[in-house]
Amino acid sequence: MKMTDTVRQILRNYEGENPGVKAKLCSMLMQGKLAGTGKMIILPVDQGFEHGPARTFAPNPAGYDPHYHYQLAIDAGLNAYAAPLGQLEAGADTFAGQIPTILKLNSANSLMSDTAGKNQAITGSVDDALRLGCAAIGFTIYPGSDMALDMFEEIVEMRREAAACGIATVIWSYPRGEAISKSGETAIDIAAYAAQIAALIGAHVIKIKLSTDHLELPEAKKVYEEQSIDIATQAARVRHCMEASFNGRRIVVFSGGAKKGTDSVYDDARAIRDGGGNGSIIGRNSFQRSREDALEMLQNLVDIYLGKA
Amino acid sequence: MKMTDTVRQILRNYEGENPGVKAKLCSMLMQGKLAGTGKMIILPVDQGFEHGPARTFAPNPAGYDPHYHYQLAIDAGLNAYAAPLGQLEAGADTFAGQIPTILKLNSANSLMSDTAGKNQAITGSVDDALRLGCAAIGFTIYPGSDMALDMFEEIVEMRREAAACGIATVIWSYPRGEAISKSGETAIDIAAYAAQIAALIGAHVIKIKLSTDHLELPEAKKVYEEQSIDIATQAARVRHCMEASFNGRRIVVFSGGAKKGTDSVYDDARAIRDGGGNGSIIGRNSFQRSREDALEMLQNLVDIYLGKA
Amino acid sequence: MKMTDTVRQILRNYEGENPGVKAKLCSMLMQGKLAGTGKMIILPVDQGFEHGPARTFAPNPAGYDPHYHYQLAIDAGLNAYAAPLGQLEAGADTFAGQIPTILKLNSANSLMSDTAGKNQAITGSVDDALRLGCAAIGFTIYPGSDMALDMFEEIVEMRREAAACGIATVIWSYPRGEAISKSGETAIDIAAYAAQIAALIGAHVIKIKLSTDHLELPEAKKVYEEQSIDIATQAARVRHCMEASFNGRRIVVFSGGAKKGTDSVYDDARAIRDGGGNGSIIGRNSFQRSREDALEMLQNLVDIYLGKA
Amino acid sequence: MKMTDTVRQILRNYEGENPGVKAKLCSMLMQGKLAGTGKMIILPVDQGFEHGPARTFAPNPAGYDPHYHYQLAIDAGLNAYAAPLGQLEAGADTFAGQIPTILKLNSANSLMSDTAGKNQAITGSVDDALRLGCAAIGFTIYPGSDMALDMFEEIVEMRREAAACGIATVIWSYPRGEAISKSGETAIDIAAYAAQIAALIGAHVIKIKLSTDHLELPEAKKVYEEQSIDIATQAARVRHCMEASFNGRRIVVFSGGAKKGTDSVYDDARAIRDGGGNGSIIGRNSFQRSREDALEMLQNLVDIYLGKA
Amino acid sequence: MKMTDTVRQILRNYEGENPGVKAKLCSMLMQGKLAGTGKMIILPVDQGFEHGPARTFAPNPAGYDPHYHYQLAIDAGLNAYAAPLGQLEAGADTFAGQIPTILKLNSANSLMSDTAGKNQAITGSVDDALRLGCAAIGFTIYPGSDMALDMFEEIVEMRREAAACGIATVIWSYPRGEAISKSGETAIDIAAYAAQIAALIGAHVIKIKLSTDHLELPEAKKVYEEQSIDIATQAARVRHCMEASFNGRRIVVFSGGAKKGTDSVYDDARAIRDGGGNGSIIGRNSFQRSREDALEMLQNLVDIYLGKA
């Protein structure tokens, strides 16, 4: 399939990057029902690691089988499927070449004491990504954690290694930790800051959460008020986060969190679209529904990003 | 001996893996009295490290000699023998080629203060496993420990190195540490979670403990109750752990703990069998009995797995 | 453009260095409106990392776009442009060869708790600097921090690697941390010490802050008083810092801090010039003004360094 | 000199080992007055590091000179001489080929605060051992210390490197640290455990202290009493430690500690001999006596091991 | 210049060492006014790092310029000049081949909080020493610090690397830290211990401080008294430190500390000479005087070591 001008324009923004990485970004942008539009929907399945298997898959037990998610992403016409090592490996041969995959290289879990700090374990490598034919590596950073500097350094090194092999890098930039309050984790100033950091350390695709109009840092609050930065609506906040991502020179996708009603999911997508974001990364809201419901909901999301809904 | 269809089907689940690793998994699955059935009994002897020599071997002093265990595993027709470096080396030449061996790469000991944290020392390497002709490396992780992320990262790296050399990886996934209560160590939600983590970080064979119907994590408890997950019997709990192991796409063996009566050992095995587990890993219950008693008990276990008892 | 005698004399001071590094220093000294004078003005844009995007760019939103800063530095006839990895990459191709760039290899951020310590994350590498065609690497050290020894060791190693590839090293020597009071961070004894440390660990270009006449360390205070060291004026303090930089054998540029009135900026520059310093590194005072105002102000700074204002 | 059957039988126990390592073990077993008997006396001189030079050498100042100890070991007909890097180097050329040497790779010192933890510095390498023509490397572990896991990992790695070069490994297994009481350091259950750990992590020669009949660990105490393990005499305790050393498949030498009367030294040696131990490692009791006295005492020890005294 | 018998005898003590290292030791011993005598005077200039530039150079501002010290060492006919990386580099070309240089590889600074611990930063490498044509590397260890084990390990590794390239190693052994009182830092038992440690970890040249007759460690005190070790005079203490340095098989030079009257400097030198020490390492007492005074004082020191004063 021939690259569209929209995609060509997006790739042009990765000025420092080699053709190999651009080809991988292209493969994700030219995949599925949103191919060529510059919009993306990604299916991530790492919640079994983060929350445990029962909390993740019991609502729709078909999801215990790693094959289920590959098939769902393919049948729904999504752009990419992201998961940790074992999860990807369990279907790597059956579904080879049918959908771009993102190897999630680090993961948290719910079996850690508070004193252990906010951090994730590195559970995969660039070599694994190459061996499994992945389009990208995925990595979570926790801006605000006392471990943040280490996490930045880890992904910077793995990104370099990956790019040298023609593999793209997706950074999950999730504020969390000692320096941030609970409501600060989704504050708009923090969200924009998280996007900026991901861009600065070299993310090709940035994944952040949708935010609230809360302002966490006093020094930032002052500036938002003095400069009358528009953060009143979700669309406005998405737009501000795009500014913070090199004024839109980087692909940014937004996640919606725990399972909720479809109307709420659709509202999120419209805000992302209207604010100029590149799309959704949507896990529990996909696979914790029945396959039938999930396919219907994902089709509606596609229609929203196509401007039809 | 020709591979059976049952074994072929099991190996097919390791989609990302190379023929070398599959050959080693095959060598264990096609060994001994359970050859070809997809069931396994493994003899592990690392308790001298974990509890000291007298507590481990004094009940049956013949066990002080490393040769004893090789011979026991061979004569009982088991699938594999697992031990730390020195223990394996002490019989590596005499018993070469007679039974697949698993080099246990890390070990805890009972001479550590509480402040030292829950961790194990790495006491062997993939090079050692190659040099000694081992079929697999073994590694313990402690989900729930403040050292867990480090342990995950260690085995992920060694697994990668081992697989590249055609050596399989067995992960002992033993919940323990700051984030877990004593009864939580054997809670079913934690056991399933431990199996899931081992699968996600790339275990070819997962070793977990049999569990109780206790539910440790409040958020998990809610889901188990809402979704009415069946955890009433040991067999049901084994079945749930198999679900958590990629819906049975990974080999899972269960351990029984300290020495106890044979009836109890047999009950465990029947539950493992009925729940769809792949078998037992049974140390102290084997070698702390006299050789004669152990051989009889192990024969009975074989019969249980063969469906004859 | 032919090297001037002034520049030749400066380069002669780098006795241990190879021609590759000297060529890069030359490229910066022979660039822009101050070419050949031995004076420099550098534009640094890493405040988005340090303070977040809104605090940094909202006063002049054009700055959200990384291209803006390249263009500003070129149009103002500056000597070099310094920024972190992502920021440089976003314009690396468009502006290749038009202005020497300095890849800032480490960065702090405002999302760190007090217990996390004073440190920065390494977010780039010498390989990145080579790949992006940079003239130099930049690195911040925090003399006075409990992490200072680590930071010294990091840049010493990266400097060695960079120099071996013919890339120069700029060290931001910013006193900060457990051993220093707030007013000590800009005390003259500390500033001179910071310059000395940067010189001793191998900086080719030293960046320090302008200082006050406060004396922080009791043992140093005694010496300043006994020896009647002149620290009464900003120019005298600049002169003292040049002494501490191998008696002027190293290039030293001074930064002015947060945005302030242009008169104050000009006063600083005159003091730097009169004290024998090599120039200014001026970020927020450049890009937080409108492009028009910034260009006017930078022209006036050039005139000051040319002795015309 | 032709290898005796006794030595051949001992070497046969190192089943996993290459001929290079066996040759080095052979060189020590076939050296001096006990050559071929399977018994050994080793002279270790690392106390200058551990206690300082005056406490170590002032009682017999000839010992300040490193040549003294080489000559003593040679003239007394001992099996090997063990010392840290500088100490060995100072006579390496003069005495080359005259006695097998053991390069002690780590050392403690008496200038450490309690908060620094129980640990040793690594002060030599396998490359040094090769360069100096050593028969073995020596390494101390502290089972019971919070640093024990690190120490295990260090020697495991160095042992692997050494064995690959045909150099044997001697492990000093000295219980010490946060998990052990003062009397526990010489308790028999701990001594046997220390021997077991050394064997499991791959020691070719194990060095432990003679023990008391104290039992430190409650769980172990129970087993010793239930199983009526004989620990009443020193010989019985030596025998038990040999059991814990793979039932005698590993060479074990015993140390006697600070300087004491010769009768006591002889009693120790008879207990080691009668319990089936392989010999003595005897430092301060050798070199803190005059050369004449030391030679006489060492001859008597030889006679004891030969069964003549 | 032909090597003297005295020097040949000294070099013979380095039995484990290669000709490259011996040649470098020879180059220092055969340099300047003490050439061939086995005595040495070394000029060290790392106090700018340790105490800051003003405290170090303001008393004689000519010293701000790194060239000053090269020239002073050459004109005074000293044996070697030691300084950190930047300081050496700043004159490396101008003075190449005129005097042996020692690259000081680690340095402390006065901007560290108490909680940061007693340690130094590594600010140079063996590669730097090679590139700059140095005769030796210099490294400080702090016996008594909680960081001491790390420091020992660092220099052991760098010494090995340096020796393999034919570069000698000078160890500054300076007791300091949590395990030692202030007066203990110069106690004779500690000084001798510090010399012994430096010798054991492989120093070719040992640098220690002159000591007092204070005895710090109770266990050592007992031995000094029992054995009546002569520590009454500075010369006796120097002699004892030479004993602790392999009975004189290692070169030992002594430092005198902060600036003081010349008589006191001469007394120190006579004690070093009379106690059998190899010479002085003398920094602040040299360069904090006017050049004229320094040259006169250094000539007098030469005369003392030549036995003429």
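As written, the chains take the letters A, B, C, D and E, and residue 1 is the first residue of each chain.
As a working rule, a contact is a pair of C-beta atoms (placed from the backbone, for glycine too) under 8 Å apart; a residue touches a chain by one contact, two chains touch by 3 or more.
Predicted model, so just to flag it, every value in this text is computed and none were measured.
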**Study point:** Required steps from chain C to chain E (each step between touching chains, minimum)
**Key:** 1
Study note, to complete from the structure: When centres are defined as mean Cα positions, the distance from chain C to chain D in whole Å is 58
**Study point:** Centroid spacing, where centroids are CA-atom means, of chain B and chain D in whole angstrom
**Key:** 36
Check your understanding: Residues of chain A that touch two or more other chains: which are they?
Key -> none
Practice item. With chains as vertices and touches as edges, which is it: line, ring, star, complete or other? Key: ring
Practice item. Record each chain of the ring in the order reached, setting off from chain A and passing chain B first. Key: A, B, D, E, C
Review point. Chain C touches which residues of chain A in the complex?
Key: 13-17, 143-144, 146, 148-150, 152-153, 156-157, 160, 175, 177-180, 189-190, 192-193, 195-197, 199-203, 217, 219-220, 223-224, 227, 229, 240, 243-244, 246-247, 249-250
Exercise for review: Spell out the part of chain D that touches chain E in their complex, as residue ranges.
Suggested key: 48-49, 51-55, 57-59, 61, 64-66, 84-94, 107, 109-113, 115-116, 119-125, 127-128, 131-132
